[in-house]
Amino acid sequence: MVGSPVLLIAIPLLAAFVIPLIGMIWKELVRIIPGLVLAYMLILSATLLYYVSQNGIIVETIAGWQPPWGINLVFSPLTGFLATLMSALGFLVWLFSYRFKRNVDFEPAKKYFIFLMLLIAGAIGIVITGDIFNQFVFIEITGISAYALTAFYTGRNSAEASFKYLMMGALASSFLLVAIAILYSQLGTLNMADIASKMHTMNPTYKIIALIFFITGIGIEAEIFPLNGWAPDAYTEAPGPVGAAFAGIVVKAGVYAIIRMIFTLFDIPSAYDFLIVIGLITLIVAETSALRQEKLKRMLAYSSIGQMGLVIVAFGIGTHEGVFAALFLMLNHAVIKPLLFFSGSSLVFNSKEKQIAEMNGLGKRMPLMAAFFSLGAFAIVGLPPFAGFWSKLSVLSAAANEGLLLIIVLILIVSVIEIVYYFRVVNRIFFQEYSREKSAAPHRPRVNALVAMFVLAIAILVIGFYPDAVTGILHNASKDLLNTDEYINNVLQLGQSLTR
Amino acid sequence: MINDKNSQKIVDIIQNWSRKHSIWVLAYGTGCGAIEIPPTMTSRYDAERLGVRGAATPRQADVLLITGYLTTKTLKRVIRVYEQMQDPKYVIGFGSCTINGGMYYDSYNTIKVLDKYLPVDVYINGCMPRPEAVLAGFGKLQQLIAEGKANGATKYKENLEWYRGNQKKIIPNWVMPEYNW
Amino acid sequence: MNTIILIFIIFLGGAILTFLAGMLKGILKEVLFLASVFVPVVLFFTNISIGQTFSFQAAGFAFQWGITPLSYVFALIVAGLGLMAAIYAVSAMRNKDNVSFFYFNYILTIMSMLGILFSRDLISFFIFWEIMTWSSYLMVVYQGKDVQTVGIKYFIFSAVGAYAMLMAIVVIYSLTGSMMIDSLIQSFPGFSFNMQLLIPILLLIGFGVKSALMPLHVWAPGAYSHAPMAYSSVFSGALSKMGIYGMVIVMVSLISHIPGGHWFREVIAWLGGITAVMGTLWAIKQDDAKKLLAYSSIGQLGYIIVGVGIGTPLAMMSGLFLAVMHALFKGTLFMVVGAIERQTGTSNLTEVTGLIRKMPWTFLAALFAIIALAGIPPLGGFISKWMLYESLIGSNHYLLVIVIFFSSTAAFLYCYKFLFGFFLGQEETEWSHVKEAPAMMVVPMLILAVSTFVLGVFPGLILNPINEAMQTLGYANTQGHLWELSIIFNEWGNQIAMQPIVYTIIGIFLFFLTFLTIKGYKETRYVTTKDISSSGEVPKEHENLTFSMNFMQPFFRAVEPLMRRQIDKYYTGFANGMEALFDFTRRIYTGNGQTYAMYVVIFVVLLLLFKNIIFG
Amino acid sequence: MNMQEIKENLITHVKANFPEAAEKEFDGNRLDFNVDKQCIPSILTYLKDRLGYIHLSHIACVDWLEEGEFEIIFIVWSPEEKMKVFIRTRIDREKPVMPNIDMIWRQANTYERELREMFGVEFIGLEAPDEFLLEDWGGPPPMRRDFDTEAYADDTFWHRPGREDALDVREEIIRRSREEIPDFAKKYSR
Amino acid sequence: MESIWYKILGAIITVIVAFIVGLTYMGLSRKITARIQNRKGPPFYQNFIDALKLASKTSAIHHGFMQHIGPAFMMITSIMSVLVVPVLTGDQWFSNLNFKGDLIFLLYIMVFGPLGMALGAGQTGNPNSAIGVTRGLSQMVGFEIPWVMALVALMMQYKTASIVDLINIQQEQGVWLMFSSPFAFIAAVLAMLGMFRYSPFDIVGAPTELASGPVSENGGKYLFTLMSSNSIFAFAKLTLYVDLFLGGASNIVELLIKTFAIYLIPMLYGTVSPRYRTEQAIKYFWGWPLFFGFLALLYAAIF
C-alpha cells in the first residue's frame, strides 16, 4: 500500500487550491505542480489497482463513519481501472498542455490548471465514491470546472458554449437531486450498496421515476441523445486538450455513473434494453451528424458521442462479454480520442476557422502530426491491427452471442459512415495539394506535446498487437461490475479495509 | 538452282506466263477516262476473262492505269503510287492526254508527255479510247510481258535521275521520300 | 524459430525498416525493400511445407497459422507475382516522391495476403484482410488523384465487404464457439437453415467485393487505374484472388452442404457470367489503358467466379488455373502499362502509338500476355478457357456457356485495342524519343509472360498443386483422368495434347517465317509507317494517321442497349441521398440552448409517460 | 408581293442605308448593286441579317484588263424571296485588295482562296494555307487575262513534237467534213 | 519413328490438297459469279495464276516485324485447323492431329491467325487496315455467337466435343446431323455466311471503301501467303461443316462433292446480296441465326 484511495481525490483538490498560492512564489510551479500531482496519482492508482487485483476490493471510510451512514470510497477493479485510466489521461493532458499556450500570461495558466485538477478530482470522485449524494457533489465539481474550461478562450463562442453547458448542467443537477431525494425518501439511505440491498423493497413506480430522473441527470454528463446538445459546442470551443479530457475523463465518469445505477442500484431488467436502444440512437444520430461536419473538433465531438453510444449499447447487452467489450471500448476511446484531439488541434492550430477543408496537404508539412491523426483514425474506425479493432470485435461478438443480429448490422453500418468521414479527413491531409491560401499554416508542436501523443500512439499499437496486455484487467473489472452481491457485501462489511 | 541458265529461262517463262495472265490493275481515275473502266470490267467486255482484275492498293497492283490528263498536283500522287508498287510493274497511258496533252495541250497546269515522268509500257490512243481499245491495250501489254519486253520498271530504276530531274522540274517543292532502289 | 512467424516478422520488420530508411538518401531503402520481399518469399518456397502450423492465443481467441494445399496454390501466385512486381517496382518507382511509403504498403500488402492464406482461423483471416484493405487503399490514394471519389469509394466498398465478413465471423463464433475455419466447416451442416443461408451470403459479400463481383465491382476500375502500376499488377493479379480464395472455401465447403445449395451456386455463377460480359463490354469502351485493364480484370474475375461457382471438378480446376493465369498475364499487362507510362508520360491509348520498334521487349511481353488473355492456344490462357467451356457444356449450362463465349469473343476487341493503341499504328515523331524500359522492369514482365507459355505447354505443372488442393476440398483425384502433364481431358474423355500441337505450331511458324524472310531473288525490305498507300498522299511529319478514336464504334452501335445503364450511378445516387438525409439529422443539433433544454424536458416527459412500456 | 415589288422594296431599303449604292435592274429575279469596296462587309451583313439573303452563292472576279480594274461580284440569295442580288465592286488591278468576309459566311473562305490564287486578289485577314488548287505554282495568277497560258505551257512542259511529216491535218479534216475553220480557230493556227 | 514421318508426310499432303482444292473452289466461285453476272469469267484456274504471279513478284515491303510475321500467324491457323479437322474419315494417313484437339480448340485456333493478321495490319500504320480490323473483329463477335450455339448444341446432344466422335455417331446412326439436329445446322450455316466473308459480309476488306482493309499494305509474297492460307482455311472450314453436319467423307470424291455443296451456299448468297454495314451485319447475326441457335439449344436440351 502506497496510500489510500482518498488521496486520489484529496491531493488534486488540495493542489487546485494551492496552485494560485504557489504561483506567487514561482510562476513555473503552476505548470509543474499539477504534473507531479498527476504523476503521483497515476502511480498510486496503478499500485492500488494491482493491490486490488491481488487482494480484493478496498472500501475506505471517511472520518470513521461506517457504511451505510458515512461516506465511503470503493476502490474495486472496475473503479480502480477507471481511476487509473483517468489519472493517466490527466497526466497526458497535462503533458500536452504543459506549454499549451505559448506566451500565455500567469492568469490563464493558473486557471487552466486549477480547473483541470478540479475536473480530474471530480471525475475520479464520481468513480470511486460509494455514496450517492457524494457522487452528486462530485458531478457538480466536475461540471463547474468543465464549464470554466469550456470558456477558457473567453471568446463569444466559448462563452455561448459554456453557457449552454452550464444550463444543461443545471438541469442535470436538479433532476439528479430529485432522484436522490426520491431514493432517500423511500429508502432512507444514501449509500449505494445500502440502496442496492434495499431496492427490492421500494415501490416500483417510485423506483422507475427515480431511475428516469437519474438517467436524465447523468445522461446529460454521459452525452446520451437527446441530452447531449451541449457536447458539440463545448468540444468545439474548448481547447484541444480539454476536449480530450472531456472525451477521456468526464464522459467516462458519466457513463460509469449510469451503469452503476443500472447494474448495481436498480433491479430493473428492462433498463438494459433501454440502454441498448438509447445507445443505438445516440450512436446513429451522432455518427450521421458527424458525416457532414465542417469543423474538425466538432466532427471529433460527434464521433466521441457516437463512441459513448456504442459503449452504452455494449453495457446494455449486459453479459460479461458485453461489459468487457464496453470497458474495452472505453479504454480504447480514452486512448484514441485524446490522440485525435491532440494531433487534430495541432494540425488546425494555425487556422482561424478550424475547418476540415483547411487541412488540405498538411501531411507533407506536418508529417508526424498527420501520421498520429491517421493512426488515431485507423484505430478508431476499428481497422486491425490497431487497438480499436479488438473492442469492436468484442462488442460484435458479445452481441452475436446474445443473438442480437440487428444491433450488429446497425453498428457495422454506422462504422461505415464513421470510415467515410474519418477517411475524408485523412485523404485531405495526405493526398490533396497544399495551398498557401486555403490551407492552415504548419505548426510545430513542442516536445512535451509530442511525447504525450507518442505515448498514446504506442499504447494504440501495443493494445493492437498485444491485446492481452489489458484484457486481464478488463475481465476483472467486468466481473466486478456484474457481481452486485459481492459489491454490497463488501461495502456493507467494509470489505478489505477491515482486514487491513 | 536458279543460277543455272536454262532453268532460269524456264522459270522466267513460267513467271512471265503467270504475270501475263494475272494483271491486277490500279486505275488512277483522274480524268474522264475513268468512265471507260467500268464497261471494260463488266459484263459487256469482261476484262476479267483475260485475268485483268482491279486492285485496291498499289501494294497489290501490277499495272498502273493512268486514265487521262495529269495536273502537276496529281502527277505527284501518281509518282508516289507508282513508287509504292511492287516489282514487276507496268504503266499504261490511257487516252490522248497522256500522250501529247490532247485537248489540254496549252493548259498551264497539266503535263503533256507522260513518258517523261514515268516509264510507260503501253499507250492507248483515243479521246477517249473505247473498251475495245482498252482490251487491245491490255493484249499488247500481255504480249510484251510474255516477250519479257515490258521492262518499264527496270528502265525507271536505271534512269531514275533523268526521270527525277523531269519530275522535279515541274514539282519544285519536292517533299516525297526518295525512291531508293 | 518457427518459419511461419519468421516470415511475418521479416515482412513487418522489413516494412518498418524500409519506411525508416526512406528518410536517408541512397539505395538503402531499395535494398531493404527487395530483401524484405525476397527473403520471406524464398523462405516460403524452401522452408514451408503443407501441414506445418503455428498456434498461439491472444485476446481470448485461439490463432492458428499454417498452409493448406488450397492456400498453397494462391500463395504461389502471391509469392511469385509479389516478387516480380517488387523487382519491377524498384525501377518503376525510382525518383517518385515518398517511395518508402510505397514500399511500406507494398510489403504490408504482400504480408497480409500471405497472412490471409496462412490463416487457419477466422480472426487472423479478418485481421490480415483488413490490413490488406487499408494498405491497398493507401496505394490507391498514393498518387493523390481523385482521392475523395475513387479512394473513398474503394474503402467504403471494402469496408462494407469486410464488415459483412466480420458479422459472419462473430455469428460463426457465437454458434460454434471457435474461430477455426476447420471447425466452421465441420459444424456448418448442423446449423439452422437461416444461418446456413446468412453466413455464406455475408461471406460472399466480403469476398465478392474484393473479387469485383457484379453489383459490388464499381470500385474496381478507379482503384486499379489509380494505384501505381507496379502495385496494380499485384492488386489485380494477386489481391483480387484473395476474394476468389475465400469464395472457393465458401462455395465448396459451406454452400455445398446447404439443401438446395446448387441453386445458390448457379446464382453466383450467373453473376460471374454477367460480370464477365459487362466487364468486357466496358473494357472495350475505355480509352485509358489502365481503365481498360481494370475492366478487363473485372471480366476475367467473372470467368473465375463462373468456374468456382459451377464447381464440377473440371470447372473448379479451370477457375483455379485461370486464377493463376490471370495473375501472370494481368500482372504483366499492368507492368507493361506502367513501363509505357513511365517512358511516355501517358497511358492513353489514343495518344501513344507505334511503340513496337521503340520498346520491342515490352511489346513481346504484352503480346504473350494478350494471347494468354484472349485464350488463344498454345498459351496457358487457352487451357483455362477450354476447361471452363468443357465443364460448362458437360454440366449442361448451355446458356451460361454462350454468355461466357460472347464475352470471351468480345475480349478480342479490347485485346486488339490494347496492342494496337500502344504498339502498332503510325510511328509518330512525338514518341520518337521513347526508349525501352530499364532491364529491371522488362525482365520481370518477360519472366511472367514466358511462364504463361510454359504453363500452356505443361499445364500439369500448376494443375498438380491445384489437384492436391481440390482433393483436400473433397474432390476426387483428377490426375490421369482430367489432366496429365501436357494433356487435358474433358468430362467425356476427349483430350487435347498440348505438346504435339505446340510443336506443330512452332514448326509451321518457323517454316513460313523462313519463307517470308528468305533473301535472294525476293527482295524484302522495311519501310517506315509513313510510307503507306494512302491514295498517293504523302503523310506529313505532324499528321497523325493512326485510327484510334472511337475505335470499336461499329460494335458499340450494335451493343448500345446493353450499356445504357451504369450500376455506378445507382450507388452514387444512394450515397447522395444518404448524405442529404444525414445532413438533416445534423440539424437536430441546432446550436440553440433552449432547444437543447426542450429536448431534455421532452425526454423526461416521454420517459415518464411511457415508463410502464419502457421499464415495465 | 410580286417580283417588281420585291425589287423596289429592296432598292428602297438598300438605298436608305447605303445611299451611294447604284442599282441596276434585270429581268427575272436578279438585281445588281454597284458599291464601293469599303461597303462590302456592311452591305452583305445588312442583306444577310435584315433582308433574309442568307445564302452566299458565289464570289466571282472579272478581269477588266483594259480598264485596269478587277470587278469582284458577290452573289447572295434569299430563299424566301427567291431573289438573287449581285453586289459588284471595282478594285485597282495593280493593287487588288479586298476586305475579307469569311466571318459573315464561312464558305466565303473557299471562294476567297480561289480568287487569291487565280487572280492574285488579296483578302485582308484571310486565314488559310497558301496553296489551294495549284500546288507548287511558280507563275503569275493564271486567270488574269494578261497571263499567256500557251507560252507558259511551252516553257514549263514538254510537248511531243507531233507527226514526223509535220502536216497540218486540220486542212484535211476540214476538207473531209466540208466545214469552214471558224475565225476563233484561225487565231491558233500555226 | 517411322509412323511420325508418315504422319508428317500425310499432313503435308493434306495441306497441299487443301491448298489446291481451296484455290480451285475460289476460282470456280469467280467463274460462277461471272456466269451469274452474264460474263464469261476467268478460267477456273485463274487463282493459281494469281498465286503464282504474287509469288513471283520480285520485291516486297513490310512496315515492321509484326507485319512480317502476320501471314505466318495466319498460316498457323489455316494449317492447324486443316490438321485438326478430320479430312477423310477412318484414314490413318490423314488422321493428322484429329485426336489431339476438339471443337473448342478449333474455335480458338481459328482466331489465332486473324488476331496475328490484325496485329500485322496494325503495324502497317495504314488507317484503312485498322478500320478493317475493327470491323472484322466486331463482325466476328456477331457470327461467333450463333456458330458457338450450334456447336454447343451438338456437343450437348451427343456428349462429346470431338469431331471424330461426331462423325462416328452420324455413321452409326446413318442419319446426318443436318437432319437430326436441323436447327443447329441452320444456325451454323447462317453463321458460315459471315465466316466466309463473302458479300454481304465483306465490309472488312471492302476494296473501294477501305482499299481492301487489313491486307491493304501486303503485296507480293505476303499476299501470296495470305491467299494460300485463305484457301487452306476455306477448305478446313468446309470440311468441318461436312464432318459436323454431312456425315464426313470417306473418300476424296465424296469430300469434294460435299464441300462444294456447302461452299455454294455462302457463295450464291453473296452474289445476290449487297453489302451490309458492320452493325447491320451484327444485328443480322443476332436476329434469326441467334433464334435458330436458341432453338438448337432447346432441341438439344429436350432430346
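Letters A, B, C, D and E name the chains as they come in the text, with residue numbers starting at 1 for each one.
One rule holds for everything that comes next: a contact is a pair of C-beta atoms (placed from the backbone, for glycine too) under 8 Å apart; a residue touches a chain by one contact, two chains touch by 3 or more.
In this text the structure is predicted, and so the values were computed from the model without any measurement.
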{"item": "Each chain counted as touching chain A and chain E at once", "value": "C"}
{"item": "Touch-network distance, chain C to chain D, counted in steps", "value": "2"}
{"item": "Centroid-based (C-alpha) most distant chain relative to chain B", "value": "A"}
{"item": "Contact-richer chain pair [A-C vs B-C]", "value": "A-C"}
{"item": "Chain separated most widely from chain D, comparing mean CA positions", "value": "A"}
{"item": "Identifier of the chain whose CA centre is least distant from the whole-structure CA centre", "value": "C"}
{"item": "Computed distance of Cα centres, chain E from chain D, in Å", "value": "60"}
{"item": "Centre distance in Å when chain A and chain D are each reduced to the mean of their C-alpha atoms", "value": "95"}
{"item": "Distance between the centres, which are taken as Cα means, of chain D and chain B, whole angstrom", "value": "38"}
{"item": "Centroid distance [mean C-alpha coordinates] between chain E and chain C, Å", "value": "36"}
{"item": "Multi-partner residues of chain C (at least 2 other chains)", "value": "521, 523, 525, 528, 530-531, 533"}
{"item": "Residue list for chain E, restricted to those that touch at least two other chains", "value": "57-61, 211, 216-217, 220"}
{"item": "Touching two or more other chains - residues of chain D", "value": "none"}
{"item": "Chain-chain contacts as defined at top", "value": "A-C, B-C, B-D, B-E, C-E"}
{"item": "Chain E to chain C touching residues, read off their complex", "value": "11, 57-66, 68-69, 71-73, 75-76, 79-80, 83, 97, 99-102, 104-105, 108-109, 111-112, 115, 118-119, 122-127, 130-131, 133-135, 137-138, 140-142, 144-145, 148-149, 152-153, 155-156, 159-162, 165, 211, 216-217, 220-222, 225, 277-279, 282-283, 286, 293, 297, 300-301"}
{"item": "Touch list for chain A against partner chain C, complex", "value": "160, 163-164, 167-168, 171, 175, 208-209, 211-213, 215-216, 219-220, 226-227, 229-230, 232-233, 268, 270-271, 274, 285, 288-289, 291-293, 378, 383-385, 389-390, 393, 396-397, 399-401, 403, 405, 408-409, 412, 415-417, 419-420, 423-424, 427-428, 430-433, 466-468, 471"}
{"item": "Chain B-facing residues of chain E, complex", "value": "30, 34, 37-43, 46, 49-50, 52-53, 56-61, 207-208, 210-212, 215-220, 223"}
{"item": "Touch list for chain C against partner chain B, complex", "value": "520-521, 523, 525, 528, 530-531, 533, 535-538, 540"}
{"item": "Touching residues (chain side chain D, partner chain B) in the complex", "value": "133-136, 138-139, 142, 147, 149-150, 152-153, 156-160, 162"}
